[in-house]
Every structure is written in structure tokens, then in C-alpha cells.
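Below: a set of structures, written as C-alpha cells.
Paired with chain B in one complex and with chain C in the other, chain A is shared by the two complexes that follow.
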Partner chain A sequence: MESALSPVRAAQHRARSNYRTRQIVNRVMLALCGLAALIAVIPLVWILGYVVQRGVGALSLDFFTQLPTPVGVPGGGILNAIVGSAIVVGIACAISIPVSLTAAFYVYARPNTLLGTLIRFSTDVLSGVPSIIMGIFAYTVFVLTQGHFSALSGGFALAIIMTPIVLRTTEEMLKLVPKTLRDGSLALGAADWRTALNVLLPAAMSGVITGIMLGIARVAGEAAPMLFTAFGNPFFSTALDQPIATLPHQIYVYAISPYRDWQDKAWATALVLIALVMGLEIIARGVASWQERKLRGR
Partner chain B sequence: MFKSSGLIALLMMAFALFAAACAPTAAPTSAPVVQTVVVKETAAPQVITATPGAPAPASGSLAMNGAGATFPFPLYSKWFYDYAFVDPTVKFNYQSIGSGGGIAQITAKTVDFGASDAILNDEQLAKAAGIQMFPTVAGAEVLAYNLLGEDGKPITALLKLPYTATADIFLGKITKWNDPILQQANPDIKLPAKDIIVVHRSDGSGTTYIFTDYLSKVSPEWKEKVGNATSVKWPTGLGGKGNEGVSGLVSQNDGAIGYVELAYALTNKLPYGIPQNKAGEYVDVGKTPEGVQQAMSDFGANLGDKLAISIVDAPGKNSYPIAGYTYLLNYMNQEDCTKGKKFVEFFKWALTEGTKDATDLKYVPLPDDVKQQVLGKLDKMTCKGNPL
Partner chain C sequence: MMSHEQVQVLPPALSMRSVQKDAAPSPKMLVRNMNFYYGSFRALADINLEFPENQITAIIGPSGCGKSTLLRTLDRMNDLVPHARVEGEILLDGENIYAPNMDVVSVRRRVGMVFQRPNPFPKSIYDNVIYGPRLLGIRDKKVLDEIVEKSLRGSALWDEVKDKLHESGLALSGGQQQRLCIARMIAVEPEVVLMDEPCSALDPVATIKIEDLMRDLRNNYTIIIVTHNMQQAARVSDYTAMMMMRPDRAGEMIEFNKTRQIFTNPQDKRTEDYVTGRFG
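Up next, the complex of A and B:
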């Protein structure tokens, strides 16, 4: 019967069965990709679920409005650590963001100069240095010279960790802006700084904000550099030149204790930290997409 | 490409962006010339709303920062919490960074006082001229274990360890639970023929210092081969970080034994063993903490000027053999008179009213003779050469 088919029909038949195999292969591959995606998401869901499960029991309004209590004293919260983390991360932002954004513009505008290469090389190296080294550095620069631990030294340590992240993302985002935009702006007679400020930055804004958020999320969870800089403080403090509590450090203090009560609080504190970082992330995404829509609307 | 004016504009823009990105809710307006640190400081409390009526405003009160030993941390945090009500003008902030860290920080004078479980050696004393060790309380260590009997049920009885047995276990000389030495001392327990898994601390710690001090006293072989330090080269066994690391390894391994602080064993309800003391008695320190007080008294007369002495392997009949003081460290001559005065005031409170907190948390307060010596030393503290 095979020979009875015309060559055209035979070719059609081959094509159809070929198509079917390809469809099957396609489905299998898609399923595998989906499985891989699922596997990638499992740790996140697992961690979140576990932290919620362990931490939610110790949460209450007091947990957000009270100061830590010692073992055996019921109640107590982490107000000092929430405020402390905000202050220390704020200091880190204040130091890091101006520096890394301006540096990123420089590297973008003059990538092949000596300074540009140097900045890129050193940020690459810096981003690979363990965070505790930054803590020791800040300890040597600030704590030893000033003679006391302080919120400022903690913020400084975090700023060094944050800078390479923000700098490199900003640079990458600027590179993604179509060159024609920049050329157009310059052709219309706008100065370089005006082009950067009014054309490049708005176009890259959502990516830049993402970079900043990544940086904040990274440093907000750092406990190691806090040990010898921000130091920790069971009392409420907003003084920049005094030791201050931070969320990751509070988790550390609670977690290594032998007491069940404190260990539960460690989980609850971890939950608060994750929620704050995620909340910040969501806000930033919202701001970024709003910015983008505004830009498109014009 | 960029002109210098462009860079300045960029800098200003970046400051403004910081305000927008870092504190989206706060939106501090205009004036990017203002130091951003200040902007953030005012912005931060706005992020967390509803703080009015928050307890204990720290402003205006003196901050005393201290750091050191982990072992007394639960007690010190209770003491300093309570003392903030006794004297609201001063806030003691204590961070448990380890004995070694405490010694280093008070030597570098980055803290107002230090804390250590280990006795400072001559080199450390020389580096921090004028430093004084003040014992606050003492604590005991026990040998937490995890053992399933031959019937498959966990053994939870108090395990008696003959005088040199602990050292022999940690030297790797006693390797089986049903070793005749152990079985004879515990006739009521049917010990299985399992391997002993030794667990020790992997990090440097005052707990290890006291434990190896004890082993060196009871076993010349230990003293010669391993010695006494905050961390040593262990002949055998697994290492865990901190008390929780050791107890974690113990509870995960059938046949494991490791040294932990008494408070830790009691609060976590771990079965434990106790060593025989020098007089041949077994003192269950979990039930009778006086055993530690007795050990302090055994050596109480010999504290000397240093106010520091090892109290392991005490000779008394009712003395518990693995125990040690924990110390606060400070300079006899203070540079800041107010801080010096507050330190002495606190210490006197801790040695009198603070003893209740200590017993509640399974620490052992100083016996009277030792307390008098500490108080006498505190009275000799000076400020810039003058009495406080």
C-alpha cells in the first residue's frame, strides 16, 4: 500500500507524524521546565512556610511595641530592633546610594577610561568579599578610632556591602536604555547632565529601584557585620553614636540562647524581618511600575 | 563627556532619589544639601508608626556598654533589665560575644566593662594594665547524654561517673557504655554494649576552659597530652558550636555524651551524668546547687588580690567538681567618674538583691566570704586616682 501513495501524500504523511513527535517532545520539555521551576520555588515556599509556622505563635501587638525582656519575664517585643534596623539600613542607603549612582553614571559614560575600569574591577572584587570582613573593616575604621560601638559604624559596614550591588545594577540598567534616546537628547542640544538626569535616569528608573531594593534586602538581613559594629542594645535607642539593636542581630541573640521562649522569639523576629523586606520589595515594585506607566503615558 | 557641573547635578539628584527610594512613606522634601544622615534619622521613626507610649526613653540616661562571656548572658540580661527600674538614670547594655571577645574589647576600651569565664593569663593582664576581675556568680557543668537501653527505651537516670572516668572517656580510653568502670558505678542501670560518642565544643569558650581545667586536675595524662584552654586539640569526638550545638549533637546520636552548662541541661530536660568528687562522693548539682557554693568556699580563702581562682575538683565532701566563677572585668582606676560610680553601685546591688535572679536562673550566688572580698575590692576602685 505504501507504494500506492503518491509522493505528495507520502510527504504529507511524514510531515504530520513528524509534527506529532515534535508536539510530544515539546510537551515533555515544557513539563520538565515546569518541574524545574517548581523545584526552584520549593525552597522559598518551604522557608516561608516554616518561618511562618514557627514564628506566628509568638507574634502579638506587644511584639511590635515593646522592648525585649529577659528570660522568665513574659511579653516583650522587638521595637528597638525594628527601629534600629531602619536606622542602620537608612545610614547605609544615605552613604551608598549617592556614591553608587554617580559612580554608575561615570562608568556608563566612560567605560574604557582607567577610572571606569578600576571602578568596575573593584566593585566586582568587593561584591565577593564576605560580609563579616566589612564588619571587621568598619570596626577598625570606626569603633577602634572612636572608642565605642555605634549605629554609624554598622551603617558604614552595610554601605560597603550595598554599594557594588547598586552600582552594577544601575550600570546594567543604563546600558539597556536605547542609545537613540541619548543621541536624540544630545542632538536637541541638552547638556550631558541634563540628558542623564531627564532622559537616562527616568528610562532606567525601574531597574535602578530594583537594584536599590536588592541592595537593601541583602543588607537588612546581615547579622555578621553587626556583631562588632552596631553591637546590639536591649534598650530603645536612636542615637547614631551609641550601640543599636538590629533585627538580624536580635535573631542571632535569641536563637543561640538555651531558652525556648527566646528561641520562639527568634522565629517571630525572623518572620518580621522577612515580612518587612518583602513589603519593601512590593512597594518598590509598585513605585517602579507606576513610574514606568507615567513615562509611557507621556 | 560629563562636565563638572553635570556631576554636581547628578549628586544632588542622587540624594533626592535616596529620599524617594529609601523612605517612600516619609518623603522628606527639598533641600538635598542637608546631610542625608540627619534626614534619615528623622525619617526612621515615621516608618514605624504608633510608637507613642513606648517604654523606657533612652535619651538623657547614661549608657554603659559591656561585652563578653555567653554563659552568664541570661542572668546579666535579667540583672540589667531589673536594674533599669532600680536606677533609671543608667542603662547597662550587655552583649554576649564570648569570653575572648570580652577580654579583647575591654583591653581595647571599646566597652565600659568586660566579662569572662576564663581567668585572664599573665599576657592578657599585662596588655590591659590595671584591669581587675570581679566574680559575680558561679555555674556548674554536667555531662549530658543520650542513650537507648537494650530494651530500646531511653535511659534518663542520673549517671554516675567515677573520678577519672570522665577524663578517660574524653581521652578515648573508655569507649563502650558497658565498660566495667561505668557499670560498677551504676548498678541500677543496665548499660548497653554501645560505643560512646564523645561530643565537645568546636568554638572557643569559657565552658571548655572550665571543663578542660577539671580534666587536667583529675588526669595527669590529660594535662600532659591536651591541657587546659578555651579551645584544645580534642583526642576524640565530634564538635558542636555552643551549648546548643553540643546538646543538638547529643540528642541526635544514640550513645552520645557531651559537657554543657547545668542551666542548659535543666531547661532542656536533658539526662545528665555527674562526676565523682575528690572526696569520693556524687553530688547531684541539679538538685543541690549548694555543691557549687561549697566548692567556692573550699577555695574561698585563697582568692588573693586577683579575685580569681579555679574551683574545679574541690576537696570538700559536698562539693561539686566541675564548676567555675564567671567574672566582670573593669579597670580599678576609672577615667569616667560617673560610669565608675554606676558600675560599683550596680555590682553591690547584684551581689545582694540580685542573688534571687541568680538562683532562679540556676546560677549559684557567691558564698559570704567571697562576697566580702569582692565588695572590699569594689570599695578600692578609684577615678582619676581619687576614691570614687
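Up next, the complex of A and C:
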């Protein structure tokens, strides 16, 4: 009778008796995964906590509304750097977003053409190039030819850094849109560009916004290219063709100074930068998920 | 408020049909010596077929015999497939849709398509329906409102959605979504309607609704449907084309006739085996 048992059935019987062992192994593995996740989060929480602890003391309303004071003069703020960062990142977005979105559509629609392959390859290379190189490049193209540092050259450098990120995320998000949606639109007699604009982009929107946010978060914290381009400015300026203060550059200036008072301000500025980027991220995510819910009908 | 307009869109051939009762209606689409290739692989071989005007033609056959490929050549959806190539002619009202000077976009506006899985756009019901008319440049809100009502009535969906036109099309059930896709297609008033297994993702109740709808649409449109379901072909179609895969894996058309003939008195042994369920 026993001999009638097939090897598979026999294995099933054995497995049934190993139930407890399996259960324990399962729990241990799950615990290990949880531990790894915890380890991955620790640096983030640590950095955040540390920046808050060091920076929160120097924060005040004045810090957001005043201009920097010379060494030794108490008070003062980073209004110029907040506005400057907004301007430079804004320029970067204005250049980068239209270019990367349209290029992403091209790569999506014609992935195997020479140009499509070229774009994908060069964005991969570009995203690996250190940001300081972009700074030097923008310096050569803009600053040297114009003879002075400017907000515009800073925005240009950041746009080059941002483009590969936004382009590749957008392309990946477009690939996730079901092909049947594209077919549905084309079958109604929509031209390619109409389909892209009216169906693909809305369907991929939340992912595209995530890509843009990733790009902004990345470039908003870039200090190295700013040294060669926006240069920094102790005064309030909104002129695009003049040097301009930015948050990461301000952190750099404060942090390398030998003055205690400035070092505290470096921490506070870092805190402001992190908070602004996170705030922007939360708002964008909120808008994206609200829109998504509306489209999906809850 | 809409019946008048619907009468106007009736093609002239309808009246002709009642005169010559037994003769086959004039073909709306004609496939002549058509070969279809994916790269060097021949997927369809020597297809000759006619689709009579204002009739429902079913394309049946075992899996992989090229039914969907054939259907997609009829509105040039295969243009999207890299290395796809068509030889021969496909005539729509006597004009070759693969002629070099033929505009793909206008072909697709005259030949609409309903897909296997419902694919409403992630937009409101209203915006789904007016998507095509908007592409045609219709901007007048009143006209668009009328198109929405007419199309949704035409796809037997109006009563179920008239109070929630501005809710997402994706919130509807599968059968409703498919009828929304039909409404979206008839909103551009095509002449030919292609349906690629339109009920395969639907439950029996929704399937019956779509089939009823097809019988209604038949008055205004030439309908071509691909189906795996032989009962469905027998129930709804006037004509049936039977396809098979040849040993070299190319799809071929082995029999075309009135549906009643195909199911009761098939000429080809393979058709008989297939429709009686002996294989496939």
C-alpha cells in the first residue's frame, strides 16, 4: 500500500510534518527583511533628526525675511537664498521639463531608431556625470562668454542635471500605460501627438510628476555647480543675468566659515532646504494622487 | 430628440438591400490577395474576402490562426507593429486603404474598432465619448452634449449613466465599460465597425447586451467581429469566414458563406469539424 505512494505525494506527507520548522524559517526570514528595511531607514531619520536638532535653534521669523548679516552682526536671514533657489530651480524646470517630456515621448514612440537609442544612451551617461562637471560646462558656455556669473547659467547647469532624471522616469511611466489605451485613441483617428498629449500623458501623470519631483529634489540641493555659475550674492537679487544666492551655496559658504554663528546658520539653512523640498514633494504627491483618484473613479 | 438624426446617417445601401432580396449586398470592404508579414514570417496567406454592407460578418477559427491580425489590417492598426508589412489590397468603398496617398487617420475614422478588453480612457464618461468628435474639431458644447446622449443611447448605456456623466469611465463595470467604448466609437460615426472578441472579458449578461447592441448597430454600420465563441457567431452574424492555420503557420481563409450555411452545411471538412466542436 505504501509503495503506491507517488514521490510527489510522499514529499507532501513529509512537508506536512515539517510544518513547524517551515513556520519558524518563514518568520526568521520575514524578520530579516524587516531588519534590513529598518537599517535602510536609519540614516534618513538620523540625518533628519540631527539637522533639526542643530538647525532649529537658529530659526526665527527673521531667518526667512531678512538678508544675511556680516560676521558678528546678530540676526539676519536667508531670504535672498530662498528666493534665489526658487528662481534658479524655476529656470532649470522651465528648460528641462518641456525638453525631457517631449524627448521622452520620442524615445517611447521610436525606441529602436538611431535617435531613440542615442537619447537613451546619452541620458544614461549624462546621469552618471558628476554635477561639478555640469557647473564647469555651464561656466564655459555662459559665464566665460558673458563675462559674469548669473542666475541663468545656474539654471542651465541644473537643467542639464535634471533632464536625464525626468526623461528616463517619464519614459518608464509611459511604458507602464497599457498599450490598449494608446490603440483606443489611435483607432478613433487620433494622430500620434494627440494620443500622447490627451491619453498617454494624463494616464502617466502621477508618475511623471514623481519624476519631476525627483529631479527638483536632486538639483535643489546641488552646491558644486553653483560655485561656477550662480556664484552667490549677499544681497537681494532677482535679476536673471546677475549672480544670485542659492540655498546649497549658502550652506557651503556658512559651513566652511570659521565662525560659530555662521556654522549654526548653515545647519538652519540646511533644515530650510530639506523642509522646502519635502514640502514641495508632499504637495505634488497629494495633487497627483487626488487627480489619480478622480480619474480612476475612486 | 435623437431619432431624426439617426435616420439621416443611414447609408443609402440599406434601401437597396430591400429591393434585391436574395443577392448578397454590395461589399463595403474587400480584401484581395492579401498577404501579411511580420518581418520575414508570413502570418496571413492569400486572403480573399468581402464584407457585405450593413451585415455582420464573423471571423472564426482556432487560436493563433490570424483572426485578430486580419481584423487589425482592416483599419491599419498593424502599422504600429515594427516590421509589419501588407501585400495585396484592402478596399474600402473601392479605395485601397494601403495606397501610398491614403491618410491613416481618415481610414481609422471611417473604420472604428472595439477591443478585446474594454479600454476606456482615464477620463470622465462624457470626455470619453467626445474624444473622437473633439478630434474632428467639434467644439460647440450643445452639439457635443447631443452627441454624448445619442452615442450613449446608441450603445444602450444612457439610462445607466445619464446622472453620472462626469464621473470616471473607469468606475463602470466591465460590461458598461465595453458599451462606453462602443459609444466612444459610434460618436465619430464610422462606416465599418471592427470588434475583436468584444465579449471575451465579459460575463454572460453583459455579453447578451453587447450582442443585442450589435443587432441594432447593424442597421447603420458594417460590422466585422472576431470571436472564439461559435454560439456567438451563430447567434449574431449574417456571414461567417472560417480561418485555419496552415502547416507553415500562416493563417488562411478556408470558407466564407452565409452563417446559416457555415453552421448547417459547411463545404469544407475542416469547417465542419470546427463548428461541430470536434477540434479547435
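By definition in this document, the second predicted complex is superposed on the first by the 280 of 298 C-alpha atoms of A that agree within 3 Å, B and C clash if a C-alpha of one lies under 4 Å from a C-alpha of the other, contacts with A are read in each partner's own complex, and residues count from 1 in each chain.
Criterion: contacts are C-beta pairs under 8 Å (C-beta built on N, C-alpha and C of every residue); 3 or more make two chains touch, one makes a residue touch a chain.
Note that the structure is a prediction, hence the values are computed from the model and not measured.
Trainee: After the overlay on chain A, what do you see for chain B versus chain C, clash or fit?
Mentor: After superposition on chain A, which the two structures share, chain B sits beside chain C with no clash.
Trainee: Quick check for you: in the superposed arrangement, does A:Ala239 touch first (chain B), second (chain C), both or neither?
Mentor: First partner only.
Trainee: Could you look at A:His13 and tell me whether it touches chain B, chain C, both or neither (first, second, both, neither)?
Mentor: neither
Trainee: A:Phe105 contacts which: chain B (first), chain C (second), both, neither?
Mentor: Only chain B is touched by A:Phe105; chain C is not.
Trainee: Considering only touches as defined above, state whether A:Arg296 meets chain B (first), chain C (second), both or neither.
Mentor: In the superposed model, A:Arg296 contacts chain C only, not chain B.
Trainee: Identify the partner contact of A:Ala191: answer first if only chain B is touched, second if only chain C is, both if each is, neither if none is.
Mentor: In the superposition, A:Ala191 contacts both chain B and chain C.
Trainee: Of the two partners chain B and chain C, which one touches more residues belonging to chain A?
Mentor: B
Trainee: Tell me which partner A:Arg27 touches in the superposition: chain B (first), chain C (second), both or neither.
Mentor: Neither chain B nor chain C is touched by A:Arg27.
Trainee: Taking the superposition as given, tell me the minimum C-alpha spacing from chain B to chain C, whole angstrom.
Mentor: Between chain B and chain C, the shortest C-alpha distance works out to 8 Å.
Trainee: Which parts of chain A are in contact with chain B and also with chain C?
Mentor: Of chain A, residues 191, 194 contact chain B in one complex and chain C in the other.
Trainee: Within the complex, which stretch of chain A touches chain C?
Mentor: Residue list for chain A touching chain C: 112, 178, 180-181, 183-191, 194, 198-199, 202-203, 294-298.
Trainee: Give every residue of chain B touching chain A within the complex, in rising order.
Mentor: Chain B reaches chain A through residues 1-3, 5-7, 9-11, 13-15, 17-18, 20-24, 36-37, 39-41, 43-45, 47-48, 50-51, 53-59, 63, 65, 67, 70, 73-74, 77-78, 80-81, 84, 91, 93-97, 108-111, 242-244, 261, 263-264, 267-268, 360-361.
Trainee: Show which residues of chain C lie in contact with chain A when the two form their complex.
Mentor: Per the touch definition, chain C meets chain A at residues 75, 77, 80, 82, 105-106, 108-109, 112-113, 115, 117, 119-123, 131-132, 135-136, 167-172, 181, 184-185, 188.
Trainee: Where on chain A is chain B touching in the complex?
Mentor: 64-67, 69-73, 79, 82-83, 86-87, 89-91, 93-94, 97-98, 101-102, 105-106, 109-110, 143-144, 147-149, 152, 191-194, 196-197, 201, 208-209, 212-213, 216, 227-228, 231-240, 242-243, 253, 256-260, 283-284, 287
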